[in-house]
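Here chain A shows up in two complexes: once beside chain B, once beside chain C.
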Partner chain A sequence: MRTLLNTLYVQTQGSYLRLENDNVRVDVEGARVAMLPLHHLDGVVVFGNVLISPYLIQRLGREHKPVTWLTESGRFTARTETPMSGNVLLRVAQHAASGDPARTLAVARYIAAGKLQNQKAALLRSARDAAEADQPILREAARDVNGQIGCLPLAGTVDEVRGIEGTAARAYFGAFSHTLRVNRDFFWLGERTRRPARDPINAVLNYAYTLLAGDCAGACQQVGLDPQVGFLHALRPGRASLALDLMEELRAVIADRAVITLINRSQLTPRDFILHAGGSVTISEDGRRTLIKHLQERKQETVKHSLTGRDTPLGLIAHVQARLLAQHLRGDRPHYPPYLHR
Partner chain B sequence: MIDLLICYDVNTETSAGRKRLRRVAKVCVAHGQRVQNSVFEVSVNDVQLLALRDQLLREMDPSEDSVRIYRLRQPRDKFVEAFGRDGYRDLSAPLIL
Partner chain C sequence: MDDPVSLSALQHFVFCPRQCALIHVEGVWADNSQTARGHQTHERAHGGGTEVRDGVRTLRALPLVSRQHGLAGVADVVELLPDGSPRPVEYKSGKAKPRLADEVQLCAQALCLEEMFGADIPEGFIYHVASRGRREVAFTLELRGAVLDARDGVRALLRGGVLPAPAADDRCRLCSLYDECEPFAPRDFPAGYDPFSTRMDGGS
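Here is the complex of A and B:
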């Protein structure tokens, strides 16, 4: 298989990248930390305060290797447009696929399958750690989610896929509270509510999803996909549907897991939430900081990607998936392989 | 990709020789990683190998210098043992700095 990731990611704040003898030279605080021959790279992604010399930007541009600038937290800001980028063909392929009901359905089905599979794995994982009384409830929910996976091949339209996904989500979130071991009287998820969140779990889940959606939008942009043209999510002005599609497989793995861990470790406690009159709940600034720090640390953890078999940092899974989707849309892959968490 | 080991001996008795040494080293740096003073590990495709060989032949003086190109067996980590200070970086793995 073609090498999937030979993109250079620089997230060390204050690094300086420059061109030296057909190499990218990376300096941190005046000391050289890497010399990377250009022919190994197909692009450079920098986070936050990273300096790139104009000569390097121009050389990368001339060789059709895009530079992407993201904020330190990973939100997309800019990307170089190279003289002959595959963008237009990829985007045309993406738009053509989104206009073709059969292809849209196929992609949506794989995304949903990945999501349900990861939800099931997350429930079973929680069941292993849970108190004895909660274990059967979690296993039962995992069985229900698993049952919905079997229904996916029968779905004839994207709406039916969304319905199956919704049924599974009800089973998943119905059992969600049972994954928590502490502060149970405070943290209790009734139903998913957004804008405004009606209980603390919804508040913290919504915030984690926002961060994750930003990461996924950055991944789409970096690969050259149009983040607003999605498959599982309906098109709507201003909505990054494709970023939300990519996020589906990662919600249970990254966001939900982080919330469960933080609550169970008592790092998020009732004091981190503000209850407003009228029943809405928001997460306090301290609570947000705890969550962001945990998510950033979690992104450094490596997992073995189910398809490439490579050790990949969790934070790069969205980039890998965007690339795999791009390969499918261009016709290099017969179907889109979703990310399956072990 | 083809993995190569390149080592060279350039006669540095004359200033022309020292100049050749610098230029040969530069060609190698442009294509791969310096693993020892005059030893490089390079991973290139067929076209890049032709260019690399051509450039090396142009810079060296066949009557004074010697350049050797060895092919490394893949997978590299199975056939290359390195001890001591080693700055080798696997360039096909995700690069995050």
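Here is the complex of A and C:
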């Protein structure tokens, strides 16, 4: 029974983490600010200038709890490898599948199908809560995404799958601001922009995706998959393609939903963003803290898994999907079943 | 030469080949209340060091190896009789398991001890902590053969074949890997699960 444990996120600059008995002790400016039992944690994520004692790093490694280092602004820099990271037989199967165009296409199509199903469901759900004027726009976008789902079984190459996914993404993000009910003059979304974000929604989405990608990379690592060898995402040095693949089914469900909720509840407001000269936008430290706290709470919520039918914490879905993919790659399942959110 | 097969892998293999593959090939582990009790039982059995009572010396946590049979592991308890002949005693927190898994593990310990001590070992004991009962297990030719068959089975798994199919029977209730194994879940898509569905009512 794998249970969902907490990830400890530390973003206060200059903090120091160390092992005290079986606890992680967090000090800031020489004073203790937190004491967390190790057995409640499944990993530690630190941002920027945060120190961790060697004893704590080693203890976390022995217990297969990864430490992830991000820059202060949330970009991935390093993650510990533990003795259980990587099952060589699984990796060989993964690499063989990734070198087989037919198998790669099949997995990529199912991943894209999961992503588009969840985008469609998210738009339909938003349409139910939206102001009357926004409802037709959201339903129309859901129909457009649905049309692309219909094209997926016909896609003959992974490039075609990516094209279908791109068309659906334009429809989905084109309607995204219509899911918002407050501060609409400030929160607008042009096109998807990554580095740098050119508008506040992109700034917060990018940050949420970084956190989610970290969770997905951790899930790959925990079941022994190689996070860099993906199916839908092209292989590129330095890119965690498989973690990005796994994230596709969860973007709308976890990250996009969090952003919409926080803006609509006015928990994220214009004050949480920094508008830079030249038109780029970043999210403030307070804004990041709000987002992290919300995502942590949301991960505890249980959902019924579409394939297994079991009540599963949302935060464990990435792990379950990584396990299902591993089963497919090792010949235990004929197909990879994507996560379909209800 | 192949690496020695661990005695715990033998026990897992006889209980369920899929459980053995999940633990020793796929690197999956999960604790349930039974495995947690098992850890406690073994910690207690391993603590305490050597003691002598009525001429019987008790060795705890003794490393075992058999080059001849390609086995290695650790015995909970080995008793040395007054003539120096060893008898393995395996501590178990639960009841006797079906399918002789514990007996095979115990007999594998005896095969190691026979080689290490140059002795013949006709029997050993399984101590059930819950009932405080000790039962004798005779190391018959048949049981010895079962150890070597299980060893070959574990080696075949480790060579990287396909994961064995789930047992999907009474054993699964006792298994801590139920969630990872999903013995009763459909291997293919169940009815009503269609990733390519174009229904617009939010279902799939």
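Rule of thumb we're sticking to: the second predicted complex is superposed on the first by the 256 of 342 C-alpha atoms of A that agree within 3 Å, B and C clash if a C-alpha of one lies under 4 Å from a C-alpha of the other, contacts with A are read in each partner's own complex, and residues count from 1 in each chain.
Quick note on the criterion: contacts are C-beta pairs under 8 Å (C-beta built on N, C-alpha and C of every residue); 3 or more make two chains touch, one makes a residue touch a chain.
The model shown is predicted, which means the values in this text are computed figures rather than measured ones.
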Scan A:Met35 for contacts with chain B and chain C and give back first, second, both or neither.
first
Mind working out whether A:Asn87 is in touch with chain B, chain C, both or neither, as first, second, both or neither?
second
Of the two partner chains, chain B (first) and chain C (second), which one does A:Glu132 touch, if any: first, second, both, or neither?
neither
Just chain B (first), just chain C (second), both, or neither: which does A:Arg333 touch?
second
What is the contact status of A:Gln117 with respect to chain B (first) and chain C (second): first, second, both, or neither?
second
If you stack the two complexes on chain A, which partner ends up touching A:Ser306: first (chain B), second (chain C), both, or neither?
second
One more residue to check, A:Asp185. First (chain B), second (chain C), both or neither?
neither
More chain A residues in contact [chain B versus chain C]
C
Chain B/chain C common contact set on chain A
none
Applying the document's contact rule, which stretches of chain A touch chain C when the two form their complex?
1-2, 84, 87, 89-90, 92, 110, 113-114, 117, 120-121, 124-125, 142-143, 146, 149-150, 152-153, 223-224, 306-308, 323, 326-327, 330-335, 337-338, 340, 342
Mind listing the chain B positions that touch chain A in their complex?
26, 29-34, 43-44, 48, 89, 91-97
Touching chain B in the complex: which residues of chain A?
3, 5-12, 15, 21-23, 26, 28, 33-37, 39-41, 310-313, 316
Residues of chain C touching chain A in their complex?
25-28, 30-32, 160, 162-163, 176, 178-180, 182, 185, 187-190, 193, 195-198, 200, 202-204
